[in-house]
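Some structures to go through are shown next.
Shared chain: chain A. Partners: chain B in the first complex, chain C in the second.
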Partner chain A sequence: MIDTRPLIVGAGPAGLRAAITLSDAGLHPVLVDHAPGIGGAVYANLRAQPNLTPKLTREARILRQDFDRVRPRVDLRLSTAFAAFDQTGTALLTGQAGMMFKPRAVIFATGARERIQPRPGWTLAGVSSAGALQIALKTTGTLPLGRLLLAGTGPLLYAIAAQMVAADRPPVAVIETGNPLRHPLMALRLPARVLTEATRYIGQLLLAGVPILSGTDLTRIETRNGALIAHTSRQGRWAEISVDHIGLHDGLARNDFGISAEMTGQTPVFQAGDCRSVLGRWAAEEDGKRAAEQVLHALNATPGRAAIAPDQRFIKTQTLLAKLFARAPALAAPELPDDTVICRCENRSLGDLKQALQTASEQTQTTARTLRLTERFGMGPCQGRQCLDWVAALTPDTTSFADLRGNRWPIKPVRVRDILDAPDFTADPSHQDLK
Partner chain B sequence: MSVQTILWNGTPIAFLPGDTIASALSRAGITEFGLRQTALPAAIFCGIGQCQNCLVSIEGIGVAEACLTLCDAEQSVRSLSDHRLTESAHD
Partner chain C sequence: MQPTDSYDLVIAGAGIIGASVAWHATQRGLRVAVIDAKGPAAAASGASDGAVSVASKRPGLMANLADASLCYAREMAQHNGILKGIFHPRPTFIFARSAPESAALDRLTRMLHDQSLSVSIHQDGAAQTSAISGLGKDITRVIELQGEAHMLGYQATHAYLSAAKCDLFWPRSLEAYEPGPEGVRVFTSAGEMNCAQLVIASGIGTMGLLPNVPMIARSGQLIVSDRGPASEPNLPGPLTSAAYLLDKTANGRGDAGLPVVIDPLRTGQVLIGSTREDHGTERQTDIAIVRRLLHSAVGCLPRLAERRIIRVFAGVRSASLDGLPIVGALPEEPNVICATGFEGDGICLSALIGREIAAHLATGQSSPDLAALTPGRFSSQEAIPA
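Moving on, here comes the complex of A and B:
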């Protein structure tokens, strides 16, 4: 008799598909997401208000229909964060529908995070991730007031730019460090559905007259007369663009902070979707189903399948996209001044990092531990999600990303009151019947 | 339908159904949500609850991400820098 409900963390495509699969097998999963609606980032329009009549893609529509079908069997807890898991198998959820319980299995489907290269001025108000602008657009149909600029690299920039065009708010320009449009023959090797989507986005941008400045760096941002001034550099040529909002995006990374399997004791734990491998929404849904089947297997509820590697097609697509968006060879390596903020939470600069390495090499050995404990890199409330990629890249001889990051609970800052308020169902017999 | 508002540092700000505190403030032209303890601006950055750059103090909830929290009518929302200046150390 299964007496404790499985937990799925994250209600994006992987988490939703996992919940659907577990429900279809007769289980009653707990699905938790700290956002106020389902869909994750990629299908954030699933949580838009009905009056917006959001244009859903076919995949998003099917996903919602399937989820609506199993909805009565899923304990969906929105505006609620997964905070921690302890060695006794107790999971702590905090927020609107917080609780403590002992899931028999856990699927982490926490998606991806945007990588954003530190640049002078990236801490100014009005400078955000490109994804933040996209989520505002998808969930409310609106964007912040004023002129918008997108900069960085990667396919997501063009999707967002095209969605801005469709919302009658075309960006002033898209600034791209790669030269993705220079390799049409390579692009033709992309799977048809990826190529179709990309062609549509580029077409929309060209029709709307949005300049795509490829092989160009956004080197720094400053404020002047209430506007943001973006300084760009392209093979020795410089320009300034005056805007009100800048969306930065330098690719995606797994959002796997704090969710490693070795921290969860005896409970079977699986990762699904972009938090396992950043392969996009189609792969994420398949992977959510796969993780759910592994849970079923682990719980002996039905025959499942063993761990399998993600579909090679998705990996090939990502490899090809990475080549297409490779940094333009003619572009100089970015030279950051020493006062560039690296750790946003603790306001630690590149100069601080250099000085720490210098002082340490004279006195004692620098380690991930000293960079954290004495220099505070990665010790702020974001737990290093914004800076540790770059600290590791800047100190290749000293430490690694894995060492810097470590693994610890809680997965994000938690209000003490939320812990006290979370009902404790770890020993309540009335919950024994839930499976 | 009458316009619903939140109170941002005491000033009414209109919001639409589905608005987070961050999206309502952005639409009102407010991009800086006060200062962080480092004196860098508090503002929307990642938009998905990871960076903790948009923390504000919300009536009935406490300190939370403006990008994840839906607006509630007449709810008082304050910047943390404003809060630190006006609140006593203990409540």
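Moving on, here comes the complex of A and C:
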């Protein structure tokens, strides 16, 4: 059997809505997600452990109802990673329900990834991304023991802090680089549902007595007597906060690692939701529907329907949020001390990067390839997810993020055994020579 | 740089060959510029596994040249030589799983003996007697060689270029050249340069420039693993299928399937390679072929099944139609020297080729050993054997 069902990667709002739309049109997709349940990051409580009774938002409930309706017609493959899609049109899924097949269309709905700004001490044990804390809280109801601190910037920080309050584990403080509360008039221009949500989060934090230290940078983390010491700076005024765990979050970026559209051969490939443009969960659902319609159009399954441009409302909202949270003056990474680790996989520091650029400029320009091969940035198991943003930002004249990253697969490291174990549905089995 | 600038030597191509020529030429006092369309080690040199291998060469001339280059590189790695810390001696393990593969090991043994090469057989026996534990059950015989080495292409390129006192320009590609009585006018993507002599060492980039030098692009796919558990012993050297010898020493492609090489990197990672495909598409890797390579690799060394793959990549080797590199002055154009068509042997041959070309440039005398590699061999032939 040659399997050519369309593939949707990611079972968050964009992927689920795309699966619903395709199924309703009679095209039954394969929907893959590395998590053990649906929901993605934003609706992770859709896959909460049975002993938890999460309070679902209205959108999450409707999305689940709609998906439950088409569920029998969707080949949902959970705990399964999307590993690769090559120019011959072959897709490789690995893990619990891995397989190789030739989807006739692909929708990437891989969401956003968290940006974590390198700071001295950010690689210490007890420091994680704030998003990782949120997923753990939503799916297992647990958080690390002891005093928690959230630091960085962006709306998600407050959502996570409020969820911690609701779980009776309020953070010691929220350290916010920007000054979002200083521009109430600008904030009033946000759409009502965004404002309502934001007001609710801030209200919960104020009620619980969680200090929001805005205009404050977390400049350095160190360990002292078994605790983590967060060094903060607010316009040159220094302070220390002693905690047991720190969640960092410096905004979101498209999770488009290795999945750019140019990787394709003949197969139509679309991106949907935050992996195309970080516009949040409402936009993601609409975008999932749009991508599914594009697939139907590309496969001529429906009469011609032009692709709809992303909704300007969502773009305006995100632009406004970015302004609200902007740090003034912007923090420049070169201000960090030279021993700040940039690439934690290969243990390469800011000083290493500066020196490489310095040495290279004495002779000639360095290249993305040199930064990778010789300096090892982005060559470790995280494949540059953590560091390449910063390497690109620090070498604006030299390299771009796209050059540094390239389009290599696997998308994430994958076990050899899992690659070999995936059943092959790309060809007639009688023609296979892999025994 | 001003367009009026002139050099004794312009080298097109900052791969390992161009870099070695540059360093050797500056050692002889020549004023040298290196240009490259992309940057240092941007093509095959950067994508190579770094094996400095004599055993995999065709018996006769190629094995002799490889051995001479190996000995010279070994010298340059000693004391405060240019390749110190870059050229690492290590054992090589070649295994057989079938009678034809075992016969290939016998031929290898004879070649090493008959040609009095510096590479020697340390051990030859059943898989159980090998220094590598946990080999796959299909492996019937393993030869351990002493004398070969590992040298990553981009590191050697970097070392040569850093130490050569020469001007480096990229991105700047060679677009055309015009030999004249005064030397060679070089037309690049960033203007004109003048030089007494031009060396074209741009790998597959050479193909468009020298229409009379027939070449094919042969791509290869490689796989990089993670570091593996700390408890796992790192391989002491590469583990190569004898099928690889059959494939490489036969004229053109063998039908041995996908001969695998498992090459340990100093980081603890392993590089699994590599295919030989007659098309020139860089960066194109496909799942089915990578899976077959991995299948072969796990058959040889079952513990690799637990490693994670971090990335796969493809490189393109420039190959000549008769399987020999193309090195020497162009017919009718004594001031234009070409050095290409190494098809993966550039890492091993770079030391010798760099030295010999520099000697030729400085003295006008060329080594008789390299006579068979002259680009003139194609123009003198009516038909080119496929």
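Keep in mind that, in the parts below, the second predicted complex is superposed on the first by the 414 of 435 C-alpha atoms of A that agree within 3 Å, B and C clash if a C-alpha of one lies under 4 Å from a C-alpha of the other, contacts with A are read in each partner's own complex, and residues count from 1 in each chain.
Following the convention adopted for this analysis, a residue touches a chain if its C-beta (ideal position, glycine included) is under 8 Å from a C-beta of that chain, and two chains touch if they have at least 3 such contacts.
These numbers were taken from a predicted model, which means no experiment stands behind them.
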| item | value |
| --- | --- |
| Partner chain in contact with A:Thr196 - chain B first, chain C second, else both or neither | neither |
| Chain B versus chain C as contact partner of A:Gln355, first or second or both or neither | neither |
| Comparison of chain B and chain C by chain A residues contacted | B |
| Which superposed partner A:Pro410 touches (first chain B, second chain C, both, neither) | second |
| Contacts of A:Pro381 with chain B and chain C, given as first, second, both or neither | both |
| Touched partner set for A:Thr367, first chain B, second chain C, both or neither | second |
| Partner chain(s) touched by A:Thr223 [first = chain B, second = chain C, both, neither] | neither |
| Contacts of A:Ser79 with chain B and chain C, given as first, second, both or neither | first |
| Which of chain B and chain C A:Thr142 touches, first, second, both or neither | first |
| Chain B versus chain C as contact partner of A:Thr57, first or second or both or neither | neither |
| Common interface residues of chain A - those touching chain B in one complex and chain C in the other | 380-381, 413, 415, 417 |
| Of chain A, residues touching chain B in the complex | 34-36, 41, 47-49, 51-52, 79, 81, 111, 113-114, 123-129, 131-136, 139-140, 142-145, 245, 255, 341, 344-347, 380-382, 385-386, 412-413, 415, 417 |
| Chain C residues within the chain A interface of the complex | 38-42, 46, 154-155, 158, 161-162, 168-170, 225-226, 283-288, 290-292, 294-295, 297-298, 304-313 |
| Chain B residues touching chain A - in the complex, by the definition given at the top | 16-20, 22-23, 26-27, 29, 31-33, 36, 38-53, 55, 62-63, 67-70 |
| Sites on chain A touched by chain C in the complex | 84, 86-88, 90-92, 100, 363-367, 369-370, 373-374, 379-381, 383, 406-410, 413-417, 419-420, 426, 433-434 |
